[in-house]
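Shared chain: subunit A. Partners: subunit B in the first complex, subunit C in the second.
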Partner chain A sequence: MFSATRANLENDNRTFLLSVFTGIISRHQRHKIGFHSLKLTSNHSKSCKNKTKSLFSFRSLSLSEMAGQSDPHISLFSPQEIEFMAEDELVEIVPNIRMDPLNFISGDFGPFFPQIPAKVPLWLAVALKKRGKCTIRPPQWMSIENLTHVLEGEREDQGAFQAVPFHYIEISRLLFDHARDDIPDIYMVRSLIEDIRDVRLHKVETNLEKFSATSAVKISHLSAMEVNVVRPFVVRSLQAFYKHDNPVVMADLDSASDRQPQVRQPQVPRNAQRQPLKRR
Partner chain B sequence: MADDFGEGSTAGMDDYETLMATTDVELLKTALRNEKAAPEILQFQVQLVKRAREQIQLMEETVEEFEQSGMDPLTVSLYQMDLDRAQFLLRSYLRIRLQKLEKYMFYIWKNDSLRNRLSEPEKIFVKRCIDDMEKHLEETVLSKLPDNYQSTRRQSIISEEDDMVPEPQLDTFVACKSSNRFVSLRLVDSERPLEMQRHDVSFVLYKVIKDKIGVDVDLV
Partner chain C sequence: MENSRETGSTNDGAASSQNANYYDIDDILAEEELVPVVFYKSANGVKVDPTAEKDCVEKGAKVELPFWLAQELYLRQAVSLSIPTCFNQNTRREIQADAACVDLKSRCPYFYEFGCKIAPLVGDRTIGKMLLSTFQMRYKEILTKAHTTVYAPASKSLAVLTKEEISLHEAARSSMAAFKKWRIGGPRFQRASVLGRKRKPTE
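And now, the complex of A and B:
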C-alpha cells in the first residue's frame, strides 16, 4: 500500500515534469494520471495521446464531442446554441393537415394544406413532424448525388473547401434525429455527411500546421460548427504570433483606441502563407 | 456539377437571408452573436430591444387570447414555441451583456465612450455592482490592510494607474462573416485589402474590424 502510494507520487512528479515540458496536460489530467495508473510507460503514452488530443481535439469526433471543448469560455458557443441558430433555416415540408397562416415574431408561414409543400423554419418542421402532422423534404444538397460529389471534391482539393450550407452539420443532425423516415437511403446519406465532416476537419487541421503570423486568415465555406471547433486553436495561435510581432503594443494594453499598432510589424510577405486556406 | 451545387445553395441562402434579415428575430440573433463574440461591450441595441420587447408582449397577449378562445391546441403550442424562441434570444442578449458588465465594471465605468454604450438600466446595474463590490472588498480585506494598499483599483498608492482593474483583451482575433454579398476591408499590415464573399469566414484582429461590426461584418 505504502509503496504503491510512493510510486504514485513519483509518477505524479514525473508526469508533472513531463507536462511542464510539453506544457499541455491540464491539472485535472495530471491528477487523473497520478492516481489511476502506476506505470510510467503507460503515463507516457497517455500523456502523449492527451497532447495530440488537446491540440487537435477535432480529430474524428462525434457530433456532441465536436464542439464540446474543454473550456466553455473559449469555445464561445455551445453546440446547442449553434443548433438553435440553425433551427431558423428554412426547409420544405408536406403537411397532412389544414392550418391557417402562422404570423410569428420570426415571420409569417403558411397557410398549410394537405399535400401542398410549404417552406417553414426547421424548428417548426420538427415540431410538426414530432406530432405526425407533416413529412419533411430533405434539402437538395442532402441528395446522395450531391454529397458524393462534395466528398470527392473535398478529397481532391486539399487546399480549399467545397461549398456546403453554413449549418450543414446541425441541419443534417436534426433531420437524422427527427425525420429519419423522410430521408431516402438514410444510412448512405449519413455516412457521406460524416465522411465529409471528417475530411473537412482533417483538412483544417493539416492546414493549420502551415499557419503563420498574419492579421487575418480567410477560410472559404467554413461552417458554423467548424468555426466554433477551430476557434480556440486559431485564435490562440494568431494571438501568440501577434504578441511576438508586437511587443510594444502588448506592453501598452490600455491603448484600445490605438488603431495602427500593426504598422510596427516587420513587413514579411505574409500573403504567401495565407494561400493554403484560400479558395482559388 | 459541383458549381451548380455551390451556386445554387449560396444563391438560395442569400435570398433567404436578405428576406429573413427583415425580421427582428434575425437581427436579434445577429446582435447576440456579435455581442457574444466581441471581447468588449458593444453598443446597446436600443431600438431593436424595444421592438423585440413590444412584439414579445403583443404575442404573449395573443397567445393568451388564443387559449381562451379555445383555438386548436396545436396552433397555440406553435405560437408558444415561437414566443419562447424570441424570448430566449432576447434574454441571452441581455444576459451576455450583464456578464460582461460584471466582469469589466470598473473598466467600463471609467471610460466615457464605453459607458455610453450601456442602456439606462444597465448603467444603474453597473453603478450598484461597483458599489457592492467596493463595499465588499472594503469590509473583507482592504480595511485590514495598511493605508497605502486600500484602493480597490490600484495595487498600492505608488501605482500610477489603475492596475488592478480587469480589462478585456482587445488584441484578440474574432471570426467574422460579411454581412453583405461582398466586403473589402483594409487591414493595416497588408497592402491588399481583405476581400470577403458571403461564404467566407475570416479570423481577423478585433481592433481592426471593431467599427465594422454590424455594418460590414458580423461575428460568428
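And now, the complex of A and C:
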C-alpha cells in the first residue's frame, strides 16, 4: 500500500494520499536522497572533464547544504529539499556550445550542438545557463494563456484543484531566479503563478476544515510544495483524530509503537506480579 | 514523590524497556495531573499533605494524587479513583456550548493525553467521546487556521490551547514559515559548518 501511494506521488504526480503512515513513506524518500548523492559522487569520479567537473562541484555544494534535516519531527522535508528533487525535472535548452554527451545514472544527455535544442535536467540547465552556455526554453505550461486558464479554473471551482505540474512552484522559482531573460513577459507570468499559488494554498486550508475523524484523506492534484507545507500539521491531526476516534485502536496503536502499556494491563496478573512488593 | 516514581518504574523493568515514552517529558508532565482518590486502606509512613499532623493516611481519606501514583495504587486496589475536575459535568457543558472558547489550558494542559490515560481507569466511556468531539470542534475552529494566522504568542486564541494543540499549531506555523523563507530567498548556498571551523591549536 505504501509503495502504491509512493508510486502515485512519483509517477503520476497527480494524487497524494496523506495517510497516517507517512513516517514510512518518508523513509522511502530518504533512501532516494541517499541514492542521489551516490549518483552524484559516482558522476564526479567518472567524468573527469574539467568542464563538467565544475558543474558537479556546484551540485555537490547544494547537496551539502541540505544534507541533514534540521528537525525531522517538525517537517519531513525542508523546502530546499523539495527544490532539490524538482531539479531532476527535464527542461529544454538551446546550447551555444559544442559538448560531448554526459552520461549520468539517470540517463545520457547530449551531445550538444549550438542552436540544436536538447533536453536536460533542470539543475544542469541552470548550471549551463549560469555560465552563459545556453538559453532555457520555458516549459509549455508557463505560457500566459495556460496560466490564465488555470487561474480562472482555480477561482471558479472551489472544491477541486487544477492539474498543474507537480513541481510548478519550485521550477518557476528556479527559472525566475536564473533564466529571467529567457521567459517572455516575465512579470505577467510571475504574478500569474503567484496568484495561482496563493489561491491554491488558501484552498488547501479550507480543505483541511473538512477533516473529521478520518484516518486517510485524498486530495487530487496537489503539488509537491503544497503537500510539504501542510504535511506536518495534517499527519499529526490525523493521528489525533485516529487516536480519539477509536479507543480500541488507540490501545493497539500504543502497543504497536511500544507505548505506555500499563493502562491496558489486566489487573489480576499485575497484582500477582506485585505481590512481594505489597507485602513489603 | 520523585523517588517513588523512580522505584516504581524500575520495578517493572520489562514494562519500561518497551516503553518508548519513558523519557518523553510531555508524557511525564501529563501524568503529573492530579486525580482525586479515596483510600481504601490506611497507609502508614505516608505524608501526602505537608500540613498533616501524623505521617499516615487514614482509611477513607479523600486526597488528590498525581496520576502516576494514583494509577499504581489503584492497580494494587488501595484507592478508588474519581473523575478529575477537568472532565466533570461543568466543563462538559461548557465544551458543548462552544468548545473553541473554553480555556482548556488552565484546566489541564494535557487535556487529551490525560483523558486517554484516565478513561480506562475510571471506566467512563463518555470521556473518549467527549475528547473526540472536543478535538473535532476545536480543530475546525482554531487549528485549521494555523497556517495563515499571523503569529502572536500572546494572542487570545492561542492562550486557550492545550499543549497538544499548541504543538499542532506550531508544526503548521513552522512549515509555513520555512516555505515563506525559501520563497523569499536569501543566501542560496551556505557554507557547511564543518568547512569553516578552524582547527584548535593542540598543546
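Basically, the second predicted complex is superposed on the first by the 179 of 280 C-alpha atoms of A that agree within 3 Å, B and C clash if a C-alpha of one lies under 4 Å from a C-alpha of the other, contacts with A are read in each partner's own complex, and residues count from 1 in each chain.
The definition used in the following text is that contacts are C-beta pairs under 8 Å (C-beta built on N, C-alpha and C of every residue); 3 or more make two chains touch, one makes a residue touch a chain.
These numbers come from a predicted model, not from an experiment.
Looking at the shared chain after the overlay, A:Ala179 reaches neither subunit B nor subunit C. In the superposed pair of complexes, A:Ala240 makes contact with subunit C only, with no contact to subunit B. Once the two complexes are laid over each other on the shared chain, residue contacts for A:Glu205 go to subunit C alone; subunit B is not touched.
Contacts of A:Ala160 after superposition: neither subunit B nor subunit C is touched.
Using the contact criterion defined above for the overlaid structures, shared-chain residue A:Arg231 touches subunit B and also reaches subunit C. Residue contacts after overlaying the shared chain place A:Ile105 against subunit B, while subunit C stays out of touching range.
The contact surfaces that subunit B and subunit C form on subunit A in the two complexes overlap at residues 231, 243, 250, 258-263, 265, 267, 270-271. Those residues of subunit A whose C-beta lies close enough to touch subunit C in the complex are 61-62, 64-65, 67, 74-75, 78-80, 83, 173, 177, 201-202, 204-205, 208-209, 211-213, 225, 228-233, 236-237, 240-241, 243-245, 247, 250, 257-265, 267, 270-271, 273-274, 277-278.
Contact residues of subunit B toward subunit A in the complex are 1-2, 5-10, 13, 16, 20, 23-26, 29, 33, 36-37, 40, 52, 55-56, 59, 72, 74-75, 77-79, 81-83, 85-86, 88, 161, 167, 170-175, 185, 187-190, 192, 194, 196-197, 199-205, 207-208, 220. Across the interface of their complex, subunit B is touched by residues 76-77, 84-85, 87-90, 99-100, 102, 104-107, 123-124, 127-128, 131, 133, 140-141, 146, 149-150, 153, 162-166, 214-222, 224, 227, 231, 234-235, 238-239, 242-243, 246, 249-250, 253-254, 256, 258-263, 265, 267, 270-271, 279 of subunit A.
Residues 11-12, 15, 18-21, 27, 71, 75-77, 112, 116-117, 119-121, 128, 131-132, 135-136, 139-140, 143-148, 164, 167-168, 170-172, 174-176, 178-179, 181-183, 185, 189-190, 192 of subunit C are the ones touching subunit A in the complex.
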